[in-house]
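Since the structure comes first, as structure tokens, the remarks are kept for the end.
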Amino acid sequence: MAIFCGAGTKVLVQGITGRDGSFHAKSMLDYGTRIVAGVTPGKGGQTFADKVPVFDTAAEAVAATGAEASVIFVPPAAAAGAVCEAADAGIKFVVCITEGVPVRDMLKVMPYLQERGVRLLGPNCPGLVVPGQTKLGIMPTSIVKPGAVGVVSRSGTLTYEVVHQLTQAGLGQSTCLGIGGDPVIGTDFLDALAAFADDAQTRALVLIGEIGGDAEERAAQFIRANLKIPVVAFIAGRTAPPGKRMGHAGAIVSGGAGTAADKEKALAAAGIPVAARPVEIVPKLREIWRDA
Amino acid sequence: MNIHEYQARDIFRRHGLPVPEGRVATTAAAAVEHAAALGVPVMVKAQVLTGGRGKAGGVKFCPTLDDVRRQAGAILGMDIKGHRVGQVLVTPAADIAAEFYLGMLVDRRTRRPILIASAAGGVDIEEVARTAPEKIIQRQIDPRYGLLDHEALAVGLALAAGDLGRARQLAAALQKLYVAFMGADASLAEVNPFIFTPQGQGLAIDAKINLDDNALERHPEYEALRDLEAEDASERAAREAGLSFVKLDGNVGCLVNGAGLAMATMDLVQYYGGMPANFLDIGGSSNPEKVVKALSIILADANVEVILFNIFGGITRCDDVAAGIIEATRRLDIRVPIVVRLTGTNEQEARRLLAGTSLVPAETMDEAVKKALELTATKPKNK
Amino acid sequence: MAIFCGAGTKVLVQGITGRDGSFHAKSMLDYGTRIVAGVTPGKGGQTFADKVPVFDTAAEAVAATGAEASVIFVPPAAAAGAVCEAADAGIKFVVCITEGVPVRDMLKVMPYLQERGVRLLGPNCPGLVVPGQTKLGIMPTSIVKPGAVGVVSRSGTLTYEVVHQLTQAGLGQSTCLGIGGDPVIGTDFLDALAAFADDAQTRALVLIGEIGGDAEERAAQFIRANLKIPVVAFIAGRTAPPGKRMGHAGAIVSGGAGTAADKEKALAAAGIPVAARPVEIVPKLREIWRDA
Amino acid sequence: MNIHEYQARDIFRRHGLPVPEGRVATTAAAAVEHAAALGVPVMVKAQVLTGGRGKAGGVKFCPTLDDVRRQAGAILGMDIKGHRVGQVLVTPAADIAAEFYLGMLVDRRTRRPILIASAAGGVDIEEVARTAPEKIIQRQIDPRYGLLDHEALAVGLALAAGDLGRARQLAAALQKLYVAFMGADASLAEVNPFIFTPQGQGLAIDAKINLDDNALERHPEYEALRDLEAEDASERAAREAGLSFVKLDGNVGCLVNGAGLAMATMDLVQYYGGMPANFLDIGGSSNPEKVVKALSIILADANVEVILFNIFGGITRCDDVAAGIIEATRRLDIRVPIVVRLTGTNEQEARRLLAGTSLVPAETMDEAVKKALELTATKPKNK
């Protein structure tokens, strides 16, 4: 089992003939992701990697292939439009990798998705890997291993760092999920935690937060109230100065709110061990999880 | 991107908010000229990209032109939280019968625009939120419909305690503020205070807008609003090179791929007793040009005593990145040591490449940070 | 029984202190309509006609009185806003009397109402009367009489003319409904016909249409497919020249579509007798309805 | 309210549609001057508020300035379906590789804006709808979101048969047309044809907008677009008096309260073999001023041989209305007979008032119409 998708999920790739789209679509195919269709307007009728049919529109792609999920690699100005296109075509799980999407565009997309019962992961996220089953996104699969630890993170490479350490320590993962670093994202910590709570395979969790907003504080409350499995957290950005954007648009500490200290305090208050360094995550997990 | 008050006022004015006239001066003489044209009394207001101007003495009421000359002279050149004041706004002073706070921002939790308003205006809204949260009205806005008439009027009535004239003006101002907020692709738009004169006229006295950096491309006119003088030279160079960079005060120059890992690396430097010189996300690229640019920006900082690369090769191959780093370091005259940590895909090949260079290899983040700190002149006490 | 409302319906009047609002609110009270609240911004706290409390907002009015339906008398520029306000306050049946509401405003209101499960009657309509029970709108009650004939119409005074003739002929009415003459209206013929079909009291129907659009054509099909009771129709505007607006914004014949001849043909094809003059309606009804 | 092509072009141009340059002339000499400035070949197009200009010879291709002089001279003053041509539009003639129809209107059934498009452009769309409905694309638009990128592109791709360049231009044009349609408060907005030149450039060649009369108040700029010369004098007077009025060709002047009853009254006049002189809805008012105004507008028509009032007194009391009518008729010098039918509230009192006048009373609509027709010089055969 896993969250949001699995080995059988039929996947559409929007922007499949672009530079990033084609590279990562091949990488997903290599990992065994069941990519059934691609979309690039004007390239309908072509075939990608000798096996994936390309369509002009998502509607045609879904009609022809029954795709259930979509991974989006299109430029920022077109990303929100591509999300709506996927939703309108009947896709129920959309992963938007694109970085730099204007926040206003996402504000307008959200109710559109809600009306159609569509889950969005991202934007500005690495997507997710279900080790041994499927990958929807850009995470390196060499560092993952099937297992019982769920990983959810606002970051990209920092997630890889942590997953790498888990794998090296022999702790496989159920699903590794990057929710993205933007202020407005489709799936937040709470959504991910709720999904992990329902996943029998996931028996421990690592949560990787960062400065900005109050997602980690709310996650802490949610975990205390709803999660029965052990959780270890890490927060990036202790040294970030206020008011500056630390790469991720969401990573701005404003007016004293959203600091790493606030978040660590909230997590600690909820009984969740917080690692001071990435390298402490595995030991902390072993302290509270007898299976580790 | 933050913009100056006078620039935010222009955006608000274009959206129909009642913004009093105002003129910008870079010298006391020009300020006096503007005040004479506008008629005293005026307010003279420092234009700096930080809050707390008032407390720092950067906002002054000037009943006479002599006051304008003296106060503008004092404010221009002033240092407010590290920002030098290069411009002042001169604007007619209005009699104030009541002050309100009106703001729009993005609510991450509900993923909606949110209206924040308070009858306790003219003071720091975060302060009001802490001390008297019951004085703050919040209302989510459905972007499919915008701020509807009845929603705006209900807020106006609540703010104005039953004064219909004020309520309607506040409601109209909120609706225009919302349109300005969305139209400008702002992450924050606020008027504080929105005042009423004793004659009952509503005025947007102070304006603040933060723009969404992701949306700058579709507002080419915003480039002209950028205050190049207020921007750190290295941050400007990084921005122009397409690098995500923030200047800090330490001595360890950091080059990392990915924002989260970059923050975690800075944190680790501090954990081991050092101080990072910067935040820098070089992205997934192994392009030597980008590495050269990043290195030269960091090396322009005389405080930097060591360079620390922390790269997690995922989709990007580590050997490609190593080759890029080696080529970049060859093309620059670098006099500080460089520690390189490369992990992930093709890590072994990368390490073999580094073996033939003066670059100091490291296997883990912790090892890399410790090695870097040992190479600084002022070695921290290791934990 | 009746459609959409009845004697017990608790009614809010928006714009109750205005010229038209106060006049018609008094007239409704005189007929026995259970008006529980009024709304006029800035006049909250006043009392209308010595018994109806006035509020600043619909939300306050509904919270304090449990009003279930609303009748709107506000100027055209504010009408769409008032409809949204009522819907947002939890009102489920809104009657908008206001004439001259811009069509764009109504286009934007429609999904707002749909999301909230609100029925709108109008705008630019006379509202409805349930003879002997209640009135929500401006119809003269002197001409109505309780009975078994449902009347649905796009017109105002023409409806009165027809209802007057029915009453004079001894044919009482179950509900008299004016759906309004604008191009975009909340309740159309089909909605009204479906409601009449479910109303046991209504045993015959008079449908009064006019030129413009294809509402009568669709009504004809609906009646043939779904209505078991006798129906007589009348269409106004046989002599209207193309392209000109005949008072009602909806009453424009454009490009040969929406003519009276088209509509009469469609009704006749569905087996519905069409009166050539208003005065023929009662005789035609008597021809096909043994109870008349 | 209908506006001229050149005015619709201006609105489309402001919304970013690719509208070729164009200039309006009221004389052949001015048309030649414009053509010289724009460069031949040009199109010379009659500006009239009706369709079918092309078939009537009101649109001409002019390769030379001589052609412009001759054709503009012929078109100016031409009568097209009762509309005299007072202005021509001179616009550069484009080579046409393909023509499309793009339109937006209000769909009463779904209560939504609807897009209509066809690759069979340049001809009457109603004709296409009749003869080849499969060539017409319809798509409802959700006004909460507008015409979304993927919706517009799907239509563009369907229209352009796989030509991506054309598809993208058509999609962009449709999105701009939608914004123009909503922004202008139009009840119809269309471009027919939207063409592509052999070089692949998309151009909105012809423009049509009908405006929603209910929205004119919030577009004060539209008053200037009204072609007072093209409007019938009596219709203008009625509009200025706030009366809903349409001039017709008959001899029975009709004054009715309510639009539906007014139409039914006109129909009844025709049913009995007569011809109405007008449609007029005087509303529920018993205000003598309004009745005076309405009467004087109708009496200005020399064809009118009899006046017919048909008033259903509901909320309005019949005796009030009767008094208003009596006062109004006293203040005007009226030489035609007046039939008055008043029914409803206080009908008896009204009849008593009329008894003392020369007004001819009637109890029912049918009686009133029959009496009116008997009073005309050219009595119809009664049915």
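Order of writing sets the chain letters: A, B, C and D. Residues in each chain are counted from 1.
Everything below uses one rule, namely that a residue touches a chain if its C-beta (ideal position, glycine included) is under 8 Å from a C-beta of that chain, and two chains touch if they have at least 3 such contacts.
Computed from a predicted model, the values in this text were never measured in an experiment.
Taking the mean Cα position of each chain as its centre, D sits at the greatest distance from chain A.
Chain centres here are Cα averages; for chain C and chain D they lie 27 Å apart.
Between chain B and chain C the centroid-to-centroid distance comes to 56 Å (mean Cα coordinates, whole Å).
Separating the CA-averaged centres of chain B and chain D is a span of 54 Å.
Taken residue by residue, chain B touches two or more other chains at 144-145, whereas all remaining positions touch fewer. Chain contacts: chain C has residues 108, 111 touching two or more partner chains.
An unclassified topology is adopted by the chain contact network, corresponding to no line, ring, star or complete arrangement.
On the chain B side of its complex with chain D, the touching residues are 144-145. Within the complex formed with chain D, the chain A residues making contact are 41-42, 44, 56-59, 78, 81-82, 84-85, 88, 108, 111-112. Remark: chain C residues 23-24, 27, 76-77, 100-104, 106-108, 110-111, 138-140, 142-143, 153-161, 164, 181, 183-185, 188, 208, 210-211, 213-215, 218, 234, 236-241, 243-251, 255-257, 260, 276-279 touch chain D in the complex.
Against chain C, the residues of chain D that register as touching in their complex are 50, 106, 108-109, 111-113, 126, 142-144, 182, 185, 187, 212-215, 217-218, 244, 246, 248, 256-264, 266-271, 276, 279, 281, 312-315, 343-345, 364-366.
Remark: chain B residues 144-145, 148-151, 153-154, 157, 162, 164, 167-168 touch chain C in the complex.
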